[in-house]
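In the part that follows, the structures are each spelled out as structure tokens.
Shared between the two complexes below is subunit A, which pairs with subunit B and subunit C, respectively.
Here is the complex of A and B:
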């Protein structure tokens, strides 16, 4: 569904933002892209909807070569939600904000109003529908940004740092949204610093450092690898730290597993 | 906006260490020349006279970027003058000469101002404004306006990316439609600028901006011999250009 073949890109000569990226993501997968600041995460995802075209190598999305396809065409298939909602909200009302992408993609009128209503309800924005987006709170603006992209039902959903500035309840909401998208066999890519979020909710992780992918695989395997996390300047999830401290073998990112291991440990001591 | 010659980098060349005030005098005098003359050869000469300074300062790359960045405007000025003057005078030769002059004038202005901004640190510029008795508040406002130009252009790029990701096609439609296409870019840009201005104001006030009635400076700019020499050269060159008018009637 998404495949990168030896993709490199640099903003200024001599310094690659991403270098020799090989990557393939299948339809229906949920993937986290993790890495320190400047690792190249945002540059990578901008290649998926064609905002950036590979300077070498190629990116194929749903059978389309991004070099030969316009952003508008790709955007119909790839919904990219940017980190800062203030970089996209502009309309007079919340309702019109959601309509923007739908009119750009020439949806028929009745379809537009159906989808706007769905998005307003889904993201808890119904009561604000006639308010200017700028008067919403930070969390609400973030939700509106999500709504304004997910409303047109893209097959691939890319979320850039969706958890920043969100409290735990919102994160849970986001997690259940991702689960729901996944159950509709959508492909979801989440770019995040929030390693706890990735550990809790996302089965596959891609770890980037200095423009390269240094690991790609099962989240549990990757996020319990001390050397790997160190070299990517990532703080291990708290459960993993605890597993290490308790010398659990194998360490885990799952709360239930940790609990049962600890129980076993305690029983062993009593016996 | 790197394209417009605002990317000052620290340098040690003679042009960099000149007092901003004398570079400012040069800028004013040569700007006056570009406005006064219409002869394309003279304007070309004014333009070329800034090139050695660019070379000495070693800012060729950024300078080229400024010129290249303004090519679009230059083309615009050229074409509109060509059509407009041909329309009113009916003479192709007049129209051609006049539009070449206008384009060269614009290029000379870009070049002269690039030299100034590429070799003058914003701090020195503020300080020299203060020493010219411009109130510090205004000098600082000017400095910050310059400071935020690159930030703003980076932000504009992000906003464009975000809106294109929602299916906005900036290049679609006729000229009026195209202008309208930019509304979803401009509004977030303006609003976030206001938000940032408020943040900056809060940050400044929390660091006691404006608490002291009288500011003192740790560094004071002083003019040395080379500064006066530079002013002398600038004035001499200025008069030499003016003599073209007085002696040969070229304007």
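Here is the complex of A and C:
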């Protein structure tokens, strides 16, 4: 569905934002991209919807080479939700914001109103539908940005830091939404600093550092690897830290597993 | 005497029919570190704006009750005057930085107070040192990382010598290592310089153990305020749906808090507790 072959890109000569990226993501996969600020995460995802074209190597998305395809064409397949909703929102009202892409993609009118209603409800924005987006709270604007992309149903959904400013309930909502997208065989790529979110909800993680992919694999395996997390300046999930502090073997990112291992540990005391 | 007093505060934004804050009452003692949290849209940012007088002085709207900060009733003083007592740090540092060098950015506030040159220089030096960014003084804020920018924003406020810092999700856009480093700066300012701190934050697992008290806003009302362990272990907090730290969840699931009477907030304190208890 998405493949990067030896992709490099630099904004200024002599310094690569991403370097020799090889990556393949299948249809229906849910993947987290983790790494410190400046690791190249956003540069990488901008290559998926063609906002950036590789300076060397190639990116193939849904069978299209991004160098030979316009952003407009790619946008129908790849929905990118930006980290900062203010870089994306511009319409006079919440409702118009959601309608914008649908109108541009020439959806029929009844379909537009059906989808707008769905999005307003799904993201808890119904009561704000006539408000200007800039009067919404940070968390609400973030949900609006998400709604305005998901309403046109792209096959690939890329979320850049979707959990910032979101409370716990909205994170759960986001997780169930990702699950739903996944059950519809959508491909979901989540760029995040929220390692707890990745540990709880995303099966595959890609860890970036200084423009390169330094690990790619099963989230539990990667997120319990102390050296790896340190070299990427990532702070381990709390459950992993607790696993280490208690010398649990193997360490885990799963709540139930941790609770039952600690139980065993304590039963050992009574025996 | 408390340094912050909020009395029967209710507020409705202009053009809105629903109040954003309803009858909020609390006070903060000098030198306290308060963690303020609650679901998105609960009124946290609005409360921050009330604390430095932006509301109602710049926003208008329907404001009832009273906010007193460092002895100033916010409705009776202009924002620039309140700003010398209460520094407000926003979520996105890009929105507040505009000078061509870090040093100028930090000097901007004191320059506007028309302070003598020597005093300005002294304040800039002190502020940069307190936040640990003296080495960045000649850089342009644009070329700094998000965490560094947030530290510049904090230093710029410190140069105004506020007794109170209010921070509205200052780490929301930062990576975990930068977030931790900004939080460490806040902790140090509070512990060593006695700056009264009100911090809005969702990532409770990173900050709960740093705070003296934790307050939870829900639908514009202050529903819980007390010691972080009392608040985060309460059934109410769980029901509101804030992100209860995993350590608290594990402790509760195992009934360890009931058996030992201890309520750990960090993985190391839970691990210590289990080790001692196991023996």
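Definition applied: the second predicted complex is superposed on the first by the 271 of 271 C-alpha atoms of A that agree within 3 Å, B and C clash if a C-alpha of one lies under 4 Å from a C-alpha of the other, contacts with A are read in each partner's own complex, and residues count from 1 in each chain.
As a working rule, a residue touches a chain if its C-beta (ideal position, glycine included) is under 8 Å from a C-beta of that chain, and two chains touch if they have at least 3 such contacts.
Not measured: the values here are computed from a predicted model.
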Q: Check the residue A:171 against both partner chains and state whether it touches subunit B (first), subunit C (second), both, or neither.
A: second
**Q.** Partner chain(s) touched by A:37 [first = subunit B, second = subunit C, both, neither]
**A.** second
Q) Between subunit B (first) and subunit C (second), which, if any, makes contact with A:233: first, second, both or neither? A) second
Q.
I'd like to know which partner A:118 touches here: subunit B for first, subunit C for second, both or neither.
A. neither
Q: Please work out whether A:193 is in contact with subunit B alone, subunit C alone, both, or neither, and reply first, second, both or neither.
A: second
**Q.** Dominant toucher of subunit A (residue count), subunit B or subunit C
**A.** C
Q.
In the overlaid three-chain picture, which partner chain does A:139 touch, first (subunit B) or second (subunit C), both, or neither?
A. second
Q | Overlap of the subunit B and subunit C footprints on subunit A, listed as residue numbers | A | 84
**Q.** Sites on subunit B touched by subunit A in the complex
**A.** 155, 158-159, 161-169, 183-184, 187-188, 191-192, 195
(Q) Applying the document's contact rule, which stretches of subunit A touch subunit B when the two form their complex? (A) 46, 49, 51, 70-72, 75-76, 78-80, 82, 84, 86-91, 100-101, 104-105, 134, 148-149, 152
**Q.** For the subunit C and subunit A complex, residues of the former touching the latter
**A.** 13, 38-41, 45, 91-92, 145-147, 169, 172-180, 202, 205, 241-247, 249-250, 253-254, 267-268, 270-271, 274, 277-278
**Q.** Residue ranges of subunit A touching subunit C (in the complex, touch as defined)
**A.** 35-38, 83-84, 135, 137-140, 161, 164-171, 193, 195-196, 233-235, 237-239, 241-242, 245-246, 255, 258-259, 262-263, 265-266, 268-269
